[in-house]
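The following pair of complexes shares a single chain, subunit A, combined with subunit B in the former and subunit C in the latter.
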Partner chain A sequence: MKRLLVVLIMICTAVPVMAQNGPLRLTITDGVIEPLPFALPSFQAESVASVEMAQNISRVIADDLTGTGLFRQIPSSAFISQQETFTQAIAFPDWRAINAQALVIGAVAVNGDQVVVKFRLYDVFLGQEMGSGMQLVSSVSGWRRLAHRVADQVYARITGESGYFDSRVVYVAESGPKDNRQKRLAIMDYDGANVQYLTGNVGLVLAPRFSPTGDRVLYTSFESGFPRINVLEVANVAPRQLATQAGEMAFSPRFSRDGRQVIYSLANGGNTDIWRTDLATGRHTRLTAAPSIETAPSFSPDGQSIVFESDRSGSPQLYIMSAEGGEARRISSGAGRYGTPVWSPRGDLIAFTKQNAGRFHIGVMRTDGSEERLLTASFLDEAPTWSPNGRVIMFFRETRGAQGVPALYSVDVSGRNLRQVPTPTAASDPSWGPLQN
Partner chain B sequence: MSIGTYISAFMHAALLLWLIVGWGLQHDPLPFEVTEVSVVSGEEFEALVRATSPDAITDAPEMIADPVVEENSPAPPEQTEETVRIVEPEVAPTPTEETPPPQPLVPPDQEVDVSDTVPVLPDFQPPSAPDLPPSDTPTPREAPRVAPEPIAPPPEDTAIDDLVQESSEPSDVSEAEAEAEPVEATAPEAATTEIVTEAETPSGAPETTIRPRARPVRPSPQPQPTETVEEDAVSNAVADAVSDNAEDAPVIPSGPPMSGAEEDAFRRSIAQCWNVDVGAEWTRVTVTIGFSLTREGRVDGEIRLVNAQGGDQTQSNAAFQAARRAVLRCGASGYDLPADKYDRWREVEVTFDPSTMRLR
Partner chain C sequence: MNSLTKIAFLVVALTAAACTSPNRFGGNSVDLNDSTGGFGPLGSVDDPSSPAFFNERVGDRVLFAVDQSTLSAEAMVVLDGQISWLMENPDYAAVIEGHADEQGTREYNLALGARRANAVREYLITGGIAASRIQTVSYGKERPIAVCSEESCYTQNRRAVTVISIASLG
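Let's turn to the complex of A and B:
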């Protein structure tokens, strides 16, 4: 027995020695989570006329990046060396000394009605450029988009994911007292800038949904007194009623990923089911036939499945079925009521609203219902919508009481970086559009 | 009574007396001050002043001037290319096409027409900032930094300036070292071990799944007592001989192996710079990177990707960049490694596995 013990001890001590032959091998599983510090010296103005523009563009780029919660801007007062010109050599030791991990330099020129922006991104500790320099051109009025495009490039090169800054959000702008609330459709940049109204105060409008290409918006209108689904062309702001299956009420529409089909809820005779309409052929297909209420359908990115809300088990829960209908499997399993599921553009997660113990939450779960995580909690959180890269969720939050007003918020999918999106009026029901081309 | 008893009694009494008197004297030393006075003549004083101050002043500027010159010289070397690689992307011109007639994508100024058709708002109530967050919003907030070991928020008067690298380093420094350098005025940034979402409040959301990431705090690295000085000497001699003979040949490590504590300290010194974006797709990728170290513990040459598992090319590249950044950042001033075991850590391969950190 003793001998066996000795042999075992010898083996145990020998293994590490043998394992150290060759390079030293380490495994790291615990890192840190913190914003990445970057330096962005104000872009150089290439003419006197472009000084203000250069400052504005620099500010929007920095705001985009810091607004993600993933980056932290190092104030210019900490800079050791100044970047006088775009082509000036980079003094990497100076930027390393202030712990800048990324450095963005750029220049702006205004020529008549045109703005030209060029930029470069550097990995400071590696001492190399990340990607190659880029030049972007726009009309003066589109300068914010230029800045968003630069920020998208920086974001993508550092994180390895596409950005979401050059995108727009359609939402319901609300005004007036709670018992006589005026609602109309509005569209804005993702950060709340450039708000434009798409409809007048012609009646209640609800739940706008962008098409996959961002050129059309589906929404539910009460113009006729009953909820009907309208399609609106964003370019010419021309609404028309969508030809759905005949029924008492049609609502909660959403486009398929290819934009050729629309799924929606149709109420008839006290029963609500999910239907699909092919926009090209006008063919209507019933996808559910249960006596319960089925609503809030959302396609998976591959178009093969639909997640929806149903109370067939007694309380509202989330279910997934084939895009052709048929058997549905329940994915939500926790206590409380689940609703408004939205499939992530990445396909891996489903965002939802949950009501439990007197509070509303925005949460995410995997498509099999596992790993549910609640990201927010308040008196009323509703209507999650994904950023085009599946990284951020925007929703609306309404405050309690007669004076309560809704406002738009966004939160990172990790649950960090909860922040309000500024809008000129009260706002609800956001729908995040795709990256613009 | 015997003589012995008398002697014993006398001795005890003497001892007691000595203890009382002696103790009392020690406890109450008489306070007194001594002032030493010496006489220095005016000439001697002048001579003394002349001998010290002028030289010290003339030395100082030279000492200060040197670093300034040094800082100027290393600046230019990193510049690589003079040719400006400015690419005009196909996507770029689209903004210019926004204002002319075809505007399916962006309605900039022209779209103002839309608002003309819309009646002006009777009255709108801009949501005031204090009203919007409900009064029952939870109080616990996350720290800006999430690290394996929690760090309490620094005192009010401790400035956390932009040199955030200060915040990462001290977290790994033992308390004794931290106290030994009272000059450092910066404090590490506050850190938590978990992401705290708004939903994770004491009052509700019991369904929230919290990732179990608590890790036992390891003791600060202690040198292993098993290695004797003789063994070190021998290993050094062997290592020197090997390094003299074969500079580029594959090194067969010799000498005492790295102890568990030394490896752990090295591992943690890299990990504190490994910034994991837990919501990013690259957290699906486990990368292994390889690099060489100089005797001073600095990265020597390029860091190479040895292996990447999971994810596509873009995600692997992002994971590799994060790993490389960690090694370069925390090794900027050289890793603190046992010099006598250089052959053991001359070549390093580090596997970065974010599977326990990722959210998806």
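Let's turn to the complex of A and C:
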């Protein structure tokens, strides 16, 4: 039913109008290299009090879409027709003439502490609406989420895949010199807005991980003087220590997809293995038992398998085993050292950190280890985390030397669209939470 | 001291070790590299029973090769000195901190630091120090003492540091 790829790759930029012979559809593949042009006239303000809000919401929607690298916003200076009101008939020929393929129109009303956004999305070449008009309501303070939800709708209707804009990222905010770095947990919108700190300066905190529903965060804390796993309720910012199997150190935790179990590394007698703790029963299960280092475990989306890092072969490599432990099969086979594997929410790929010839990379491979692709390269790229739809990877990049600091970046799984994610302080160890709507 | 007092004392010492260890890197910590020879909290470097003497004359740290946790001959000499000192100063407990350089992921380096700290602990225990006096912790690559991104710094950061402490009697 869905006719595919109407967005032609524009080889010749002189072609004024792109051909389209079916409904507008952008198929996200490695082949999409020309962003889809869209027009988004600033949303109509339904009262004087709504003017600024309408502009802000319009800007965030456009930023979400263009930030994907898949869409290109046509500047309003190129518009032939102005869309003065939400109900006004659409002058499709005027939008076709400037090569807008998608048109987003909307209106914003601020009523007391409430914001109401209405929008419609049009397939300009067919001259038809895509999906139905929608109205969204939130408190004034939640206006950015409204904008992200509109952008998620536009993204989903055009690509056929769920979006990722109405999502949050938990990370480690860093300050201070390299030999005395202070680290705090912080949470923010996926685009770096609305930063909130979840911990004070309580000693080192490392590698936070969202629960599948985004209600809890696991992280490693040195507050007691020794690495222990804490679980924090996001709603009331209340941390407590997770009762793990006893050991010298517990670290590198991750939730299962149902949020009921935690897998983590436990060091005893200097040897690090992987354990699983059932949160309801408190039962601890040992999943690996080898004299080598086993760490950085991550569940498959179906909960049946675990990918992890081990140096049992002599150098750190990636392995997959059953969620019950036992035999593991090595999947990494290229030159260099592999770490921090993370299973894609789509189940098809493993993202990882690779270290080779003095450089660090973020890469992806299939779950059988084939089709390895390196997406980035720098002095230090580390700790990939997947967007909720499995299309984008966020990670941190640390610069070299005594003044070296980490910052968050995102990159498409295609390797394109590398972007820094703005944060108020140096930042590391991102964990991308679920879509909230 | 009768044996009960000794046990109580040891518990206090271990607790103190656990409590003071994480703050050593903070702004209010005592500089363990202070070589002024004064009578600070660590005592005089010339007093063989002082922590300052342990840190500087005996040597509080050993270094490791890339990715390794094997003790070198040079490291064993330092640790033999630590064993003698700990034998002569039984009121002190130790936390062995394992560290790694920045070449490697956070998780792997935490595990590697644990291996290094444990290699030192095992050596001290084999040398006759009671296991109950020695704890281990790994900081991975989180607490470099040398901050450049060159081997000259990395070699100093791949270390295990024996941090001794005693309960305050005051």
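Things worth noting here:
Just so it is clear, the second predicted complex is superposed on the first by the 404 of 437 C-alpha atoms of A that agree within 3 Å, B and C clash if a C-alpha of one lies under 4 Å from a C-alpha of the other, contacts with A are read in each partner's own complex, and residues count from 1 in each chain.
One rule holds for everything that comes next: contacts are C-beta pairs under 8 Å (C-beta built on N, C-alpha and C of every residue); 3 or more make two chains touch, one makes a residue touch a chain.
Computed from a predicted model, the values in this text were never measured in an experiment.
Upon superposition of the two complexes on subunit A, no clash is found between subunit B and subunit C, which fit side by side. When both complexes are overlaid on chain A, the residue A:Ser81 reaches subunit B alone and has no touch with subunit C. Comparing subunit B with subunit C, more residues of subunit A are touched by B. Of the two partner chains placed around the shared chain by superposition, subunit B is the only one that A:Ser175 touches, whereas subunit C remains out of contact.
Using the contact criterion defined above for the overlaid structures, shared-chain residue A:Thr281 touches neither subunit B nor subunit C, since it reaches no partner.
Contacts of A:Leu204 after superposition on the shared chain: subunit C is touched, whereas subunit B is not. When the shared chain is aligned, subunit B comes close enough to touch A:Ser139, but subunit C does not. In the superposition on chain A, A:Glu382 makes contact with subunit C only, not with subunit B.
Of the two partner chains placed by the overlay, only subunit C lies in contact with A:Glu223; subunit B stays clear of it. Aligning both complexes on chain A leaves subunit B and subunit C separated at their closest CA atoms by 11 Å. Overlap of the subunit B and subunit C interfaces on subunit A comprises residues 379, 400. Residue ranges of subunit A in contact with subunit C, taken from their complex: 177-181, 203-204, 206-207, 220, 222-227, 248-249, 251-252, 265, 267, 269-272, 293, 295-296, 309, 311, 315-316, 337, 339-340, 353, 355, 379-380, 382-383, 398, 400-402, 404, 429.
Of all the residues in subunit B, the ones that touch subunit A in their complex are 74-76, 78-80, 82, 84-89, 91-96, 98-99, 103-109, 111-112, 114-115, 117-119, 121-127, 129, 131-138, 142, 144-148, 161-165, 168, 189, 191, 195-201, 203-209, 213, 215, 252-253, 257-258, 263, 266-267, 270-282, 290, 314-315, 317-319, 321, 324-326, 328-329, 332, 344-345, 347-357, 359-360.
Those residues of subunit A lying in contact with subunit B across their complex are 16-17, 20-37, 70, 72, 74-75, 78, 81, 86-87, 89-94, 96, 98-99, 101, 113-114, 118, 123, 125-129, 132-139, 141-142, 145-146, 149, 158-161, 175-176, 182, 184, 194, 196-201, 214-215, 234-235, 237, 334-336, 346, 348-349, 354, 356-359, 361, 363, 366, 371-379, 391, 397, 399-400, 403, 405, 407, 411-416, 418, 420, 423-426, 436-437. Within the complex formed with subunit A, the subunit C residues making contact are 18-19, 21-23, 25-27, 67, 69, 95, 102-108, 110-112, 114-119, 121-122, 135-139, 142-149.
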